[in-house]
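Inspection log for the structure reproduced underneath, given as structure tokens.
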Amino acid sequence: MTAVLIVALVTGAILFGIGVYGALSQTNLVMIMMGVELVLAGALVNLVAFWRFLHPESYSGQMFVLVVMTVMAVEMAVGFGVAIARFRARGSVEMEEAEDLKG
Amino acid sequence: MSAVVLPVLPPLLAALAVLLLRRGGAVLALAGVIASLAGSLWLLARVADGQAETLLLPGLPDMPLRLVAGPLTALLTVAVATVGTFVLIYAVGYMKREFSQARFYAVMSLFLAAMQALVLAGDWVLLLATWELIGLCSYLLIGFWFQRPEAANAAGRAFLYTRSADLGLYVAVFMLIGWTGTSEIATSLEAGGSASTAAGLLLLLAAMGKSAQVPLQDWLMRAMAGPTPVSALLHSATLVAAGAILLIRSFPLLTPEALLAVGVVGGVTTVAAGVIALAESDLKRLLAASTASQYGLMLIAVGAGVPLAALLHLLAHAAIKSTLFLAAGDFQHAREGTGFDRLEGVGRARPWAFAGFALAALALAGIPPLSGFFSKDAVIAAALSAQGAAWLGPLALAGALLTSTYMARALRLLWQGSGETGAVAGSTWMRAGIWGLVIPAAALGLAFGPIEGILDLPTREAEGTGAVLLGLLAAVVGLALGWLVSAPRLLGPVYPWAQRGLAVGGGLTAGVGRPAMAVARGCEHLEGHLYAAVLGVGRGGLMIARGGERLEQGLYSAVLGFGHINLAVAHLVRVGDERRIDGLIFALVSGVRALGARARTLQSGLIHHSLAISAVATAVTLVILFLASLSF
Amino acid sequence: MARDLALLIPEIAVLLTAVGALIAEMLRRPRAALAVAVIGLLVATGLTLRLVGGTDTTVFGGSFRIDGLSVWAKLVLLPATVFSLLLARVDVADTAREGTVYSLLCFATLGALALAGAGDTMFLVLGTLLTGLATFALVAYPDTDPATEAAMKFFVFASVTTAIMIFGLTYWFGASGSTLLADLPGMDTMPLAVILGFVAVVVGLGYKASLVPFHFWAPDAYEGAPLSIAAYLSVVPKVGALFALAQVVRAMPPESGWTAVLAGLAVLSMTYGYLAALVQDNVVRLLAYSSIAQSGYFLLGIVAVGASELALPSIILFAAAYAAMNLGAFAVTAATGRTLSDFGGLGRARPLMGIAMVIFLLSLVGIPPLAGFVGKFLLFAAAIDVQLTWLAVVAIINSVLSLSVYLRIIVPMYRPAETAPSAPGTWPVIVVVITLSATLIIGLFAQSLLGQPMV
Amino acid sequence: MGAQAFFLAVFGLAAIGFGVAVFRTSSMVRSALALLFSQTAVGCMFLVMQTEFLGVLQIMMMATEMSIMAIFMVMFMMDPGGLGGMDMTHQKRFSIGAGVVAAGAAIAVALLADWGAVTAQAPDAAMQTRELGHELLGRSMLIFETAGVTILTAMIAATAVAIPVQNLASKDDKEVSQ
Amino acid sequence: MLPLVSLTLFLPLAGALLILCLPKPAARTVHGIAIASAALTLVGALAMWFQGVSGAGFSQVEELEWMPAIGAAYRVGVDGISLPLVLLSAVLFLVSFIYASSLRDRPRAYVALALLLETTAIGTFTALDGILFYVFFEVSLVSMYFMIAGWGHEDRQRAALMFFIYTLLGSLPLLLAILGLYLGTPEPSFDMRAWIANPPLEGAAAMWALVAMLVTFAVKIPAVPLHTWLPAAHVQAPTIGSVILAGIMLKFGTYGLVRFALQMTPEAFHEAGLVVLVIGVVSALYGAFAALAQTDLKRLVAYTSVNHMGYVIVAVAAAALTLDPSVRAVALDGAVLQMFSHGLVTGALFLLVGMIQDRAHTREMGEFGGLLKTVPLLGWSFVLAAFASLGLPGLAHFPAEFQIFLATLGTVPAAVVVILGIAVIAGTFLKALRETFLGEPRERWHAMPDLSGRELLAVVPLLVLAVATGVVPSWVLAVIHRTTSALVL
């Protein structure tokens, strides 16, 4: 019976893994943000699955989904803001070029 | 206020008054000492019947200071005050030309007060305190002419020798207080016991220091650098006498083993010091050696179990030796020196002084009916009747023989030669002082009977005729030898060695002083290392030291790869080996700094590196927690 | 509902302040924005005072806590924000959209307050996000190469760690069926989910509190940002996150090994922070690493939460002390310069600044009777109280290490000056004076801060 | 139940597949599209799990978001079309490892943890929406409001950074020139 | 009823604040205020002295709530162990201010720091609360650091730094110990009286606490081998710094040894007593020998401090080891009196060395000679102080050392070997006297002026007290003994 839950959870976990890979491997700010989006998508799948199959009576799960969606949206917004500022200052949003500050 | 303070207080007040007023030193000091003499006599009269006078003063908690006057101690105060009086009278003349008279009289008065307090001390704390105080006073007096390097050295040496020996007194006192729970001398003397051998030996050590017994005799000779009245006082009734007095007073405590040791020390000293005296080329130094020798005789008497004999000799010697010194001071002023080469024939020029000197010398040699005859016979008789008579007797006789020999030699050297000399300032005072003391020196022997009567010391057996004859023989033979034969011929091969004070391998100074300095330098060396080490830590903390790049490199590679660790360790060891402890510390310090630098390189500025490190750390945390949860 | 809102009046006041500052900015009145922000925050602080002592309740179904931590967070962080505002005035005066900075500072503080009172996992997420979003913009504000680089790194680090935290938190929901932190103890049947969630929380809050090894953004961001923003970052979000961590572990089942993890992070943070600070020549970076190390000290109290009565007082007191002394140190730096050589001869040329800096730094070391001492003292006591004596010993050894770090600033201050330090502006001096008084007063009269009973 | 599991798996695979595709193309636009599809698949999973409201919301929001993202990609990437086939990655092996470990850990927890019984019947859609509304205006109101404030802040922050200011550096220059 | 202890404690601080508040005061004003507040403090200390102490426990206790939540309070009071030290601090600071009144280099900060030091010194001795004690203990360190760093001699930064790091390293363990004691108390409290009445720790915990305390106090005392900071700090410190450092701050260590180690962990101390005793013996002998090797007068005096403080360690260890209360009383009497005497005598010695340095700008003994002739007042004062320091009867150290050795011999006879130290110290001072003051006066120093009125005013009180303590020790011992004889461990 729990197979349904497991399918959803495994999907979420794999999305999380892909997201982590993306966040760590990409050199471009925007691509890193995509990785983050995927991690959050994994979280969404998890949340909905947990709500649906374990705690349908607890609507804070659904609330959490809304919050996560907000996070996705606002992070993207500010992320693009930062990207614009960076692009204006340096002409690139490559992470590897951002190594003036260190030590 | 008990009468017991009477001998102590006047000189003490005199000392303070002189210090404060800074003038009229002679008058005040004389007044003080004469008052002290009067007080002593009165005290003696009061306690002659054996009724002790006691005074308690606040001291340490549960250990009040006590002044106790019994017949013995009262008698000693009289002796001290008498000698003190005449010496001060003499000093008025002797010191006439000196500056800093106030200092002289103040310290002399303090000295007398301390000595009186020492004699009267009824508890160990006060005894110890006054014991050390007379050491201080002698330091100040011997070093009176502190600008002269030899006086400064002599003063320091005297203080250091006696103080080192005093440690024995300290420990002995602690032991006695520990056993008996009280610091009262009378009580603790009764305690006795088997373990008191140790205490006795320690007391002997202290007495040896003060009474200049072999091997601690060196300081006494050098102490001649001080003014002559000081020597007279020092040698007769005060500093040096303190040692013998201590042993006489603590006689009940001395076990046979301790007595044996006392006898041996006395015997060796009397002979050795006698030989040194014989070889001396300076009158005052000769007298100093003689003092040591005479105290050796007293120790023989104590060792033989007859403290009374020692006491009698102490009294007689006090009068005699002060006379001799005072006369020597007179000669010194006449010829501006005390070497025999300068003093040739001075006796003819200063007949009064010489007469006093000669009388005292004969008394010391033991010519009847002068005081020394009686006291020395008492000592010889004690030695001959003691348990170790077989060796104590000959030693005592040898001491007596040497005594008369060197005295005769001194007389000869002073008499022969041309008798021209200048006038001596203040000689009236000096003459008064000398002759005031000649009288007891000559006649004290007659008073020995009554003195014995009032003392509570163990009585002695009647002297055998043999002892008297042997003593007389020694005296006469000695005088003859001394007058007729020169010292180098008498001593033969020993003479040069004796001139150096019979010093073995550089003497005590070398034997103790050099190792002490070596230890001190060792400490200082260690200090340097410790300091450098700590400083290294401090520096490293501050990162002031910008060195250590090599080591940093080594540590860096050590962190990078396990294979490099050996290298780094080897490097560390080598560095540690080269620079020892401070080097190691420095290495440690640079290590911390290198660690800091390494920590900094973690911050590469590349965000994906940072994220990777964070991710690894997260994974590690997760694994740790998983494992931990499995074990729960 | 009315009661809940009444308890939330300070937060509402902060929100209104932020909006008010924004409106002033829209009207092109930057000075008015500053005034609105400062006054508003002070009013909010005043409104908080009535909650002090004895309040331990929750609002909105337990999702937000009004307890010692959250009340004190307001009392500490709101004034801290005011000081940051005053310092910021120096940095951003007469630039376009100056007022936005003030407004964003207020919003970020609101996020920190949300964190400090978090009773629900969603507040952990939103608080982190809210603080983060505002501060990204603040760091990037100068629009220079270093500033944007710092902001970009900050953003990437933040978004990744926050995402990980969110993902982990979903498991907590799965395990307990509730997002309330208070429901966590019921989950001890499922340690795996708890652990995953906890590690995720440590990552997310650890980044915000700049705990090693999630600290990497901090030195860069501090260096790239205007000084006032660095000062702000080193205090407000950090304290908020650490308080949130304390709120989280309040409900943690005691034997899941989390104390060991936090203790380990504490050791890492303290040691690494001071080691790295030891080799810095840039005072801002030095202070950044020092603030990383100081976060480690907070953990000494956090590991004891729930098991020792000293834990919460110690955290709160140290937060107050830390806010005062760290802001003070930044204020002096703002008035002096960013490199160590700027500090040469400061003590002789400007005695007030010199003495103040010495006191701030000694307080950071933990020398009595300064504020830092009282705080650290209680933290050590809390750690020893829960049998973590070794941790206290490590912390003490690190204090010695910290001394060498701070002496690197103090020593040159009393050398003869090579160049005369520039005259400080009015605002930094005011901030220095106030924080200096706070550092001394907290040290001497900790009781008045602790309240009666405290938490 | 079986059907539900099947569709869940299908959409899950789709989400994963598109997710992988995001990082396997060197074209920005394609990445953005892949992400959009992946997110849509996630939305479909919601629908499969009878969470209609959230599902629809997800699909709509993501559509908007991804289109914005695509625009930015084009703006900021060195090689928007991916024509050069340039490698946009670094520390790839480590990242793969990290991804695998992360996913593995999450899967392990999902499999190993004792989740208890699964509820078969979901509340109906209208009920869900009503309950969510109650939640929003009740217990979670503060959270909801905070989320609102967060969005406001995001707007201000994004504007603040995105619009060029007369920056500090130029302010300094001005001082110098005076 | 006036709160005498608190008044005495905070008077100097008030003086410091007053000085700091005055806008640009003249140097004379600054010194005047300092001397006045120090004199008032001495009056306060004397008033406390005449109030006296009762037998067991503390007297003149003043208490004020401070942090009731954690059981910390402002608690001050004295007993026979601390009261003499309070008096000593008041006297030493007053003479220090008199001596320093010629200083013209930033007098304001200097005097304020010194006044702060005075408050911390008195506070350390009177604190009856663990936290309060630690606060004073630690603040004294900081003020001393800045004093040495700001007004010291050649290499002062380094010496001050070393001093600071060393002592900080040494004081943090005490913090741990205090925390341990606090948490071990059934009703958590920082009240030292409670800790003394019922030692809160036992077994291994007590031993660890003891070890921590010993490390701290050994650094502070200082005991070999943790003493290296002392000569370094002294050589670099300004004269007043040395006087206070040696005269008062070293006593923090020995005072702590009695108050904390002995009274709060008596069982553990009894077990570890032999180790401490050995440390004390080694310190005393090492300090004596190291002093013998010195050529710098100031370093010499510094090392004699190591020696004298070594005796105190020996005495406290003996007190811990013995089972006989009367022997313990003797040991502690000796220890406390030794602290008191050392403060007077070493204070005087450092002042005199400072005066020599002011005149000659060197402290190398080899460069002097015959100074007794050139500057008789200074010379004789030094002679007196030197003899006091080497333990001559009639002067301050004798009764103390007598009691210490007596108790030591009664407890651990072998340890009496430490008595060798007094012979070595005697040699040390005799050597110093000979080289510096005796012998032929050198041409170089002929113009050297003798002591001025200000300097006499600074030195004479100390010498008078040293003599008074030596001749009639009962005026101090009565107070000490009342407490030590009632001491229950």
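Miscellaneous remarks
Letters A, B, C, D and E mark the chains as written, and numbering starts fresh at 1 in each.
We adopt the following convention: a residue touches a chain if its C-beta (ideal position, glycine included) is under 8 Å from a C-beta of that chain, and two chains touch if they have at least 3 such contacts.
The chain list, named the UniProt way, goes like this: A = NADH-quinone oxidoreductase subunit K; B = NADH-quinone oxidoreductase subunit L; C = NADH-quinone oxidoreductase subunit N; D = NADH-quinone oxidoreductase subunit J; E = NADH-quinone oxidoreductase subunit M.
Everything quoted here is computed from the prediction, not taken from an experiment.
Chains touching both chain A and chain D: B, C.
By number of C-beta pairs in contact, B-E leads over the other of C-E and B-E.
Comparing the centres of all chains, each the average of its CA atoms, the largest separation from chain D belongs to B. With centres taken as mean CA coordinates, the chain nearest to the overall protein centre is E. For the pair chain B and chain C, the distance between mean C-alpha positions equals 72 Å.
Put simply, the C-alpha centre of chain A and that of chain C have 26 angstrom between them. Look at where the CA atoms of chain A average out and do the same for chain E: the two points lie 66 Å apart.
Work out the mean CA point of chain B and of chain D, and you get 97 Å between them.
Multi-chain contact residues of chain E (touching two or more other chains) are listed as 161, 165.
Chain D has residues 90-91, 94-95, 98, 102, 105-106, 115, 139-140, 143, 147, 150, 153-154, 157-158, 160-161, 164 in contact with two or more other chains.
Within chain C, contacts with two or more other chains are made by residues 120, 122, 126, 129, 133, 136-137, 140, 143-144, 151-153, 156, 160, 164, 167, 171, 174, 192, 196, 219-220, 279-280, 400, 403-404, 407, 411. Screening every pair of chains for touch gives A-B, A-C, A-D, B-C, B-D, B-E, C-D, C-E.
Those residues of chain C that touch chain D in the complex are listed here as 4, 8, 15, 22, 59-64, 91-92, 94-97, 100, 103-104, 107-108, 110-111, 114, 120, 122-123, 126-127, 129-130, 133-134, 136-137, 140-144, 151, 167, 171, 174-175, 189-190, 192-193, 196, 226. Within the complex formed with chain E, the residues of chain C that make contact are 310, 313, 351, 358, 362, 367-369, 373, 377-378, 380-381, 384-385, 389, 392-393, 396, 399-400, 403-404, 407, 411, 414, 445-447, 450-454.
Those residues of chain B lying in contact with chain A across their complex are 600-601, 603-608, 611-612, 615. Listed in rising order, the residues of chain A touching chain D in the complex are 1-22, 24-31, 33-35, 37-38, 41-42, 44-45, 48-49, 51-54, 56, 59-60, 62-63, 65-67, 69-70, 72-78, 80-85, 87-88, 92-94, 96. Of all the residues in chain E, the ones that touch chain C in their complex are 65-70, 109, 131, 134-135, 138-139, 141-142, 146, 149-150, 157, 161, 164-165, 168-169, 172-173, 175-176, 179-180, 182-183.
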